[in-house]
């Protein structure tokens, strides 16, 4: 509850700061924001596109948050997305199964790809204590170059060296039923996967012995070892799950929002995932809504730019400021505490994990 | 056409044209509006139209490079009542294919590509024109000019990514060198290892390092068609020129002479293989205002209609060279010379 | 082969220097206990401020060298100003340092381009000319090392190397260095010893801001010549070098030089027939794979500052 | 009467708890003043207030008769107040000298003047008999030496008032003797000392006066000379405490733990345990006596599986367990009260209830099919916390980190005993506990023995080993020096053996 309020206040402060910037360049912030939200939510098609934009972010946000909760910092979601997307595309372009089987295989391939890419940092961390920040950055670049050479080498489009062939209709996550329901937007089955993933991750973290172990290892690996938990296995497992989530994010991105994979681009969603996770206070539900908010901001800016003189870069600045306010939420909390001094005392401790008294 | 100032011309254009009722929008391709290439060239043409024809303009930058993101921005322009939309780059092909049906009362101009559903079957609807440039002819001219100017030695080519427009520049350039060697008594060669696609449009460091390697291995002039990679190469060339070496760069897309200035008025840009994006963008807008929108057509801008060429002013080219190149230009126009836009047995 | 190395070496060094100074900045921050993943963003701010300054001054001042150095100073100032955001969040507010660093990165990419367009009319800022490399008289004619180290060198290279030496000295020989390191290892101990942990950490973060800003601007005045709103991941690479270099000045020098050399080789491999025998993908991923292997080899003795990344709060047990 | 420090009516609250409630303490010049109280009574907090780490909600502090506001440790330092914390505040990879000069560094130009500082430290060390090596790294020296470094830090800064928070909890008997001597030297030099300790014997030995607090409130201040250990204990706990451990003669039966020629490497990669063989039987407590760092840690870690065995074998109930995973050892009946409660024993950021099921969360009824059953976990935890009188601000939902050291320890002991293990390995089980708790824990350990379980007790406190054990194994330098029956030996004999003398007297 407290976290939610803090995040909300961070968002509001970020929006206010953005509004001040708009005033600074001589635009009307109320008008700006109203177009921003209209752009994201005005009609069913736009809502669909907003959700589609949010989908990969939900996955990368969950990926980063999950790793965070277990004491690991996965900044390799970009690379994991790429490889997940690559494998899924490879399956989609190669096999000719019936749609459900094909899609299932593609998602599994994505999971496999992402997990594989995270396995290496996990293994290095567990066995050799290699800092995962460096190893995941390295893996990002390795993924970048792998896609760079594998796509033109094996899945080249007919006329283009720089992207794969287009996936056949059956091999994309877009379905007529959703596209029609949302009036031709890019919303796709990835969103369902994201909802399911959110629930599963929340469940794992909060309700299962696995989550209990992973968190214990994250907080204090010595104590976890003492208690008989297999620390190395848990570190690797945690990275695998985190990578798998990013991998499905890649599937949603390259076979849902897009239908081919381009070379020479490290998807920004990987880094945005860090921001999403943090704004969502590393809780799965929080991540879900933070990603939707990012979706709204990203997808509403175009319309705001079109309707006003506010330049595109401003929207990114607003997002950045919101993140900064989320980072400085302590300030907000301090303020709230003063404000609510009289209210119950058991909410005073702000370590997100334990607050719920869940485990 | 050095980026910066042109942007502002919208505001300080002295003789305000009377307001036309057209709202012109553009969606940028990967890269920024300041890319000195597709985006910037097209946008400058649009700004010129704003200045001279009084249209209202707007560009949007998509968050990524997927069809979904392109279509979203097209939709945004449409909803904001910008119903004349320019899309620079082949990446817009499938997006425009969908948009032309979805927004029937809007008009689309796609540059360097044609609408198709993903199967590469052209489908240019009545509310769309597709615009191509004969980059190979432009490259050819640059090749001839280069050979004539340096007479003998090695040339090199640095491309960005292996996309059609870049490839055609390369192939044309090679044909131009060969033509000059065979007909105009020059001896400029290009080795396979000196023809490369760096793989990105933004790695300036690599551009500089590759250019340095080429120069160190005896290359005198490098044709760059590589965005930011080219910037790195230009930077390296400037550094060397300041140190007294004789090195050259051939620019691309726009007249890059100013970018190559290193001391006083000296520039290392030998010449530039231009494609007149700004002119074309301006022209279609004008045609629309005149009620002559060539909907459904696929236009090719080449030597014949002066859609490509070298800059008017080429301070680094001798008069003989300029004259000889004009001859060649005429011959291309008269189809006496034909330049191939295919790789054939050319390098890469 | 030797000529190739000779030819590549100066370029590898030029590419190394911005990485080196940025990683060195990261070193000060992390040694004081603050993880700074905002290095990338700080570099961008530096590149922006540097090129903007130079862009305006180049038309006005006759002395081009002075213009360039002024640009570098402004880059450092910009780096310091924006690192204040990180310092405030992570030191005063005990914020999560990762979030705050991420925010810096996001703000940098968005804000600089926004400002560049508003100020100059273009999101890209091109400078007319940067520093020129020179062969150092006498020294460059020494066999072998003359060709490698004293040929085509930039004044900035030597400047940064001097900064490196000074940094090592400050870190290990001065009062400030001792306090800085203690705050990164065990701030409670530092506090109990009467060290003002906050102030020390502020210095660490601000130094990282100044150095990364400088690093960003060095890219512009040496090999790029143009600000484009990005430093293509060099900030993250600097962070990796910091860890790879085991949080030590000389280690960082080695790590950044390795990256500089390996990526230069990978970049130019296409032009060099001798290297064409390797599949290009191998050359491209070579630096990253080697880093991973090296980390495994050195992993036994991680020298990470123990308290880096932890918020410090005197009340915490 | 001149007081160097007066703390008047201090009140300090933490979320959910009033740690200090109207406490008054006055320190005379040149005295050693003991501060006594149960675990969690608020002693460390009170000293934290004096040292500027916490700001009191109410109350006043006077130094040399003048009211002062000690807003941070710097101010305290300037006022001549120094503190040795319960957990040392030393930077591990710094040298002794670097640690000592940190914060008041001597300079030569702009360079640190390490040499002159080292000289001064060597001098001080000689003067007060502290025996520290100025150039040694902290991570390489013994805990006792680390403590002397802490003392040196205060002396180096010329502190007049020295606070010791449980200084003896981590020391060997010999080191404790030395510390007492050092303290007396300090007093002779005109310093004043406040010492927190749970050991009444020590209070009797060195302190002049003693202030007792209970549950955050002052109970009173007495002259130590006029008080007995028993009366002090009663003041503190509020009831009579017995110091004698009541136990029946043991009746050992089957062998539970058998160690056969065990060798284990230590952190420095040399053998820390060299060919030790031992047996512990049902119904007995085997005490391991030895000076800190003579292989005890390695021995315990080898049995519990935290450390790899070089050679030799370990058997539990006749079954070899030398190389099986830790979890299996726990399942087969090993309970372990670890030496370092914060590093190993607790996940400090977890709630207490989570910590109480750290080893059994995956067992019924705490989980089923991999799903946690929170209510049953909570019930289980509450039960332990109640049984072992673990005091915390928010009960089972408290974050472990917020508990006082003693209460953290009690929680761990409760958890391990609740597992009802066949073999309980208790390492320093009462370190840092108050006498009331110690009495209780000792009773529980004996009860455990009497249930027919085996207990392996490792303690640096000779008293404890002598009182609790049935048999005592003495280790020195990684080797077993000998084994004696507790009823047939005394402090002197064991002390000699701990120093490596008397191998021949095997039982």
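So that you can tell them apart, the chains are marked A, B, C and D in the order they are listed, and the count of residues begins at 1 in each.
In the analysis below, a contact is a pair of C-beta atoms (placed from the backbone, for glycine too) under 8 Å apart; a residue touches a chain by one contact, two chains touch by 3 or more.
Model, not experiment: these values are computed from the prediction.
Trainee: Among the other chains, which touch chain B and chain C together?
Mentor: A
Trainee: Determine, using the mean of C-alpha atoms as each chain's centre, which chain is farthest from chain B.
Mentor: Comparing chain centres, D lies farthest from chain B.
Trainee: Looking at A-C and C-D, which one has the bigger number of contacting C-beta pairs?
Mentor: Of A-C and C-D, it is A-C that has more C-beta pairs in contact.
Trainee: Indicate the whole-number Å distance between the mean C-alpha point of chain A and the mean C-alpha point of chain C.
Mentor: Whole-Å distance between the two chain centres: 28.
Trainee: Averaging over Cα atoms per chain, report the distance between chain A and chain D in Å.
Mentor: So the centroids are 46 Å from each other.
Trainee: Report the inter-chain centroid distance for chain B and chain D in whole angstrom, where each centroid is the mean of the CA atoms.
Mentor: Centre-to-centre distance between chain B and chain D: 76 Å.
Trainee: Hey, what residues on chain D touch two or more of the other chains?
Mentor: In chain D, 402 touch at least two other chains.
Trainee: Can you list every residue of chain C that touches 2 or more other chains, as numbers and ranges?
Mentor: Counting only residues that touch two or more other chains, chain C contributes 113, 117, 123.
Trainee: Note the residues in chain A that touch 2 or more other chains, in rising order.
Mentor: Each of 148 in chain A touches at least two other chains.
Trainee: Throw together a list of every chain pair that touches.
Mentor: All touching pairs, sorted by chain label, are A-B, A-C, A-D, B-C, C-D.
Trainee: If you look only at chain C, which of its residues touch chain B in the complex?
Mentor: Residues 7-8, 11, 15, 113, 117, 120-124, 126, 128-130, 132-133, 219, 223-226, 228-230, 232, 263-264, 267-268, 270-273, 276.
Trainee: Which residues of chain C touch chain A in the complex?
Mentor: 37, 85, 88-90, 93-96, 98-100, 102-107, 109-111, 113-114, 117-118, 123, 233, 236-237, 239-240, 243-244, 279-281, 284-285, 288-289, 291-292, 295-296, 299-300, 302, 304
Trainee: Which part of chain D faces chain C closely enough to touch in the complex?
Mentor: Counting only chain D, the residues touching chain C are 51, 53-54, 72-74, 77, 83, 85, 87, 89-94, 98-99, 101-105, 107, 110-112, 153, 401-402.
Trainee: Under the definition above, what is the set of chain B residues touching chain C in their complex?
Mentor: 2-8, 32-34, 36, 193-194, 196, 198, 202-206, 208-210, 212-214, 216-217, 228, 231-232, 234-236, 238-239, 242-243, 259, 261-263
Trainee: Inside the complex, what are the residues of chain A that reach chain B?
Mentor: Those residues of chain A that touch chain B are 39, 42, 45-46, 49, 52-53, 148, 152, 158-162, 166, 184, 186, 253, 257-259, 262-265, 267-268, 298-299, 301-303, 305-307, 312.
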